[in-house]
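Okay, so here's the structure we're looking at.
Note that the chains take the letters A, B and C in the order they are written out, and that residue 1 is the start of every chain.
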C-alpha cells in the first residue's frame, strides 16, 4: 500500500512570522493522481518537500504506506521527487543520472541496465543515454528527470511543476505523457502546479491551497461545478468566473437579488431563496462563469443583465467579450459568428444552475 | 483533542534529536580544527607576554595555570628604543611608508587604466587588456636582477638611484600590483552602464570629471577590495624589501623580524613581540573590512 | 575637455581615423592608460626580457655563454636540491590544502558559528609569512619547554616509558655495557648482571663505572657500606667503583666512592627466572631475604637506564625516507628532510583559509536541488559529497589546486624564516636559490637568471590554464 496521508501538517520556516503551511489534512489513495494547485507562494512546494523529507515538520504527521515518516530521512521514505529545475547531475550522462539511485542501493548491474533501458524506451530517450544533461533540450531533460524517478519504482511520485520550464506545445505533449505514465505504472502521484488547466486535465482529484490553507479537495468536475468558496470558484476555470456584489430584496413575499445599479437581477428559485434566508445576509456575491452567459433574453428563473461591449478577443471558434454593466465588468464567451461591435448593448442571461452565490464576508458558497 | 498534540510533540522531538546528534559531531570536529588553528596565534601572543626568564624554562602553555606570568615587559623593552632606526617602531613606520603609497598608487593607476580600457573608444583595447592580464603570470623573481641594474642606470644617468631606498621598493611593488589591479577593476567597470557616462558627457563634463565624480564612487567596493588585498600583500612582503632595501637603515617589519631571527636566533620572546606588532595592522584591516577582503581573495584567485 | 563629446566614432575607414581627429578624440583616454603602461613596460616587461637575456650570459653579464647557465642548473647540487624540494612541495601541499579546504567548507555549512569559524581559519592569510614562520618555528622547537609538538611527544612518550634514575646519555653514544666492570657485566636486554653466582647467605658486590657526578648528586648518593651476610638471604652493594683519589683501585670500596641508590634489581635463579626484586638504598645496599637454596645472579634492570625523552628535531634535515642503501647523490635526491614536513604543515595553516573561502563560494553557487535529488535517490551524506558535490565542484577545486601549485613553485619566505641556518641548504627551493645566488654577496645574474627563467616557464602553463578556467 502506498497511500499518502497528511494530518494537520503545519510548517513554519525559521525566521518567518506566518505559517507557510497551515494544518493541512489530505488523504491520497494508492494509485491516485492528485494535483496540488494554488497561486504562487501558497505553500505547494513546501508541502511537497515536507512529504519528501527535505523540510522538517513543524507539527502534524505524514504517513506513507502504513508508516509515519516524520522521522525518516528522504532516502528511507521510498519516494521519488521530480524538481521544477530538473536538478539533473550535470557531470553524469543520462544513463548515469537514471541509474544513480539504483547504484547507491547496490542493485546488481544487469538489473540496473534493464531498468534504465526500460525507462528510456518508455520515455523515448534511448538514443541519448550517453549524453550529458547540458547537451539535451528542455523537454529531454524533463524526461530524464522523470526517468530518474521511474527506474526507482517508488511508492509515490512527487512532482513540483515539472512542466513549467517547457514551451506551450511541449507542455501539452508532456502532459499527456505523464498521464499515460500514470496509467501504465498505476503509482501514486502528487503533482504540484499553479496551472489549473494542467490540474483539470490530469488529476483524479485536485487539492486547492491558498495562503497555506487547504481550500477544497475534489474531482475536477466537483471543483468546477460546486466550488466550496469564492477562491476556488475564481481559481478553477478560464477565463475566471465573474463576480458581482448583489443586494438582497424582498418582493411579494419572495426574494430577489439585484445589482447596485439595477442592471442585473436574478430570479431565485425556492431552494436558493431558502438558502439566502437561512444565511441571514442582506448582500451576496454572485458568481457566473463566462461560458455560461448566453446571448439571449430569458423569461424564467435565472440571471438577466444588460451590458455594453468594451473589448472583443477573437479566438477562432469563440470570442471573449469584455463587457461593462453599470459599474461592473464581466467577461462572456460567445459564438464567434455573433455579429458584435464595440459599444453594442447586449442582453445576457444564465440559467439558474449556472449561478453561484457566495457569502459576502467569508466567501463560502451558499449553494 | 488532547491526544493529537502529544503525538505531534513526540515526532518533532524525535527529529530534532536526530539532527542534533549529527550536528554535535560536526561541532566537535570543527571545534578541534578551530583550536588547532588558534594555537599558533595564541602561543605568539602568550610568548610575547611572558618574561624572558621563563622562556625555555617552562612552556608558554603553563600560563593557563599560572596567569601571573603575564607581563608587558617585552613590549616595554622593544618600545623603549622609540623611533630610533633598527627599532620596531621605526620598522612599523617604514612598513607604513611603503605600504600606503603603494596601495594608493595601485588603486589609482589601475582605476584610470581600467576606465580607459572599458570606456575608451579606440581600437585594440581588448588586446592590450589581454597582454596586461598575461603579465600576471610573471613571477616577480624574474624581474629582480634587471630592475636592480635599471635602478643603477638611473643613478648613473640622472643621479637618482632608487636602489636601497623606499621609493625603489614602492616602484617595484606598484608595477607588480598593476596587472591584478587592472584585471579586477576592468572586470568591475564593465558592469557599469555606458549610459551613465553619456549623461555626464551630454552635460559637458570632461573625462577626468566623469572619472572621479561618476565612475570612481560607483567602483568604490571594487577599489576597497583591491586596496585591502594590495595593502596586506605589500605589508607582508619580505623578498622585495630584502632585495631593494639592502643596506638601508630603515627596514619594514618583515625585515626587522627576519634580522632578529638571524642575529639573535634564540630571542624568541623579542621576535614574538615584534611579530605581534607586525600582525596587528593587517588584523585590524582584516576585521574591519572582512567582506571586502574575502571578495578580493575570490577575485584574486589568479594571483 | 569639452571637445570630447562625440564618443561613438562613425568611422568608415580605421586608417583614415588615425589623423588629428583621432588624437583629439582619444588623447585623454590614452593619457589615463599611460601611467600603467609605462610602469608595466619599465618594471615588468623590460626586466623579464632582460632576465631571459642574462640567462645566456656569464655572471657579470658581459660574455655570451649560450646554454652554459642552464647546464649548470642541472649540475649544481644546491639547485638540484631546490628542484627536489619544489617537487615535494608541489606533490604534497596543494593536495592537502585543497582537501582540508573542501572538508572545512562543507562542514561549516552545518554549524551556527560558521562566521566565527571562518574568521579563525582565514586569519592566518593576513599574517606575513615571516611572522607565521616564526610562530611555527617555536611550535616545532626541539626543546619540550618551548615547542608544543615536542612537549606533546614527551608527555606521550613518558606514558609508555618513564626515564630511569640513571638515563644513558644518547648524545655521547653511551650504552649499558659501557657502565660494566669485572663484577657486573652486560646481560640480556640492556640489563647488567653480577659476574659470579651467589647462594643464600652469600653477598654480591657489583661495581659500575662512569656514573656522572651530576646524577650522583641529584640522587643524594652516600658513601658505600660493605654488605653484611644474612642467613637464608642474599645481601649486596652496587656502587660507582671509581675513586678520584685512588683511580687505579678497582677492587675495594674507597671512602670517596658512592653507593648507587634507587636501582631496581631482581634476583634471577639458575633457570633464568626472576624470583624476587628490590631497590637499593641511599648507600647502594640491598638485600633479598628468605631465598630458597640454589644458585643466583643479581640483575640490574634495563629500566634504570631508560634514556630521557629527546625531542624530534622537526626543523632539522633527518630524512623521512629510508635511503641509506643508495649512493650519495641518489640519497640526497630521494631524502625528504623532516623540515619540509614541518614547513608544509605551517603553510597549510596559512593557506587553508584561502581554499576554504574559494570552495565555500563554489558551494554556495551550487544548485541545492541537485544535492537534494541525490538525497532522495538514497545517497547518504558521504556518498552525496563524493559522487555529486565534489564532481560538481571540480572546476573550483582545480582552480584552488592550480593556484596552490603556482604558489609553492614560488615558495620562499617560509623557508628563509622557518629553517634554522643548518637546514636552509637541505630545505632550499628555486625561489630561494634565485635570491641566494643572485643577491647575497653582490649581484650575479647568470645562474640566478637561468633559474628565474625556469621558474617562469614552470609557472606559465599553470597560470594560463587557471586564467582560462576563471574567465571561461
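Remarks
Everything that follows uses one rule, which is that a residue touches a chain if its C-beta (ideal position, glycine included) is under 8 Å from a C-beta of that chain, and two chains touch if they have at least 3 such contacts.
A quick note: this is a predicted structure, and the numbers were derived from the prediction, not measured.
When each chain is reduced to the average of its Cα atoms, A sits farthest from chain B. The busiest chain interface, judged by C-beta pairs in contact, is B-C.
Every chain gets a centre from its CA atoms, and the centre nearest the mean of all protein CA atoms is that of B. Annotation: 27 Å between the Cα-based centres of chain B and chain C. A straight line joining the Cα centres of chain A and chain C is 67 Å long.
Look at where the CA atoms of chain A average out and do the same for chain B: the two points lie 57 Å apart.
On chain C, the positions that touch chain B within their shared complex are 1-2, 4-5, 7-9, 14, 22, 25-26, 28-30, 32-33, 35-37, 39-40, 42-48, 50-51, 54, 61, 104, 107-108, 110-111, 117, 119-132, 134-139, 143-146, 148, 151, 349, 354, 357-358, 361, 399-400, 403, 409-410, 412-413, 416-417, 420-421, 431, 434-435, 438-439, 443, 445, 448-449, 452-453, 455-456, 459-460, 463-464, 466-467, 470. Residues 52-54, 73-75, 79-81, 83-85, 87-92, 100-101, 104-105, 148, 152 of chain A touch chain C in their complex. By the touch criterion stated above, chain B contacts chain C in their complex at residues 22-23, 26-27, 29-30, 33-34, 37-41, 43-44, 47, 55-61, 109-110, 112-113, 115-117, 119-123, 128, 132-133, 135-139, 141-150, 171-172, 174-176, 178-179, 182, 198, 201-202, 204, 206-209, 211, 232, 235-239, 242-243, 246, 253-254, 257-258, 261, 265, 268, 271-272, 275, 278-279, 282-283, 285-287, 290, 293-294, 297-298, 301-302. Per the touch definition, chain C reaches chain A in the complex via residues 367, 369-370, 372-380, 383, 387-388, 391-392, 394.
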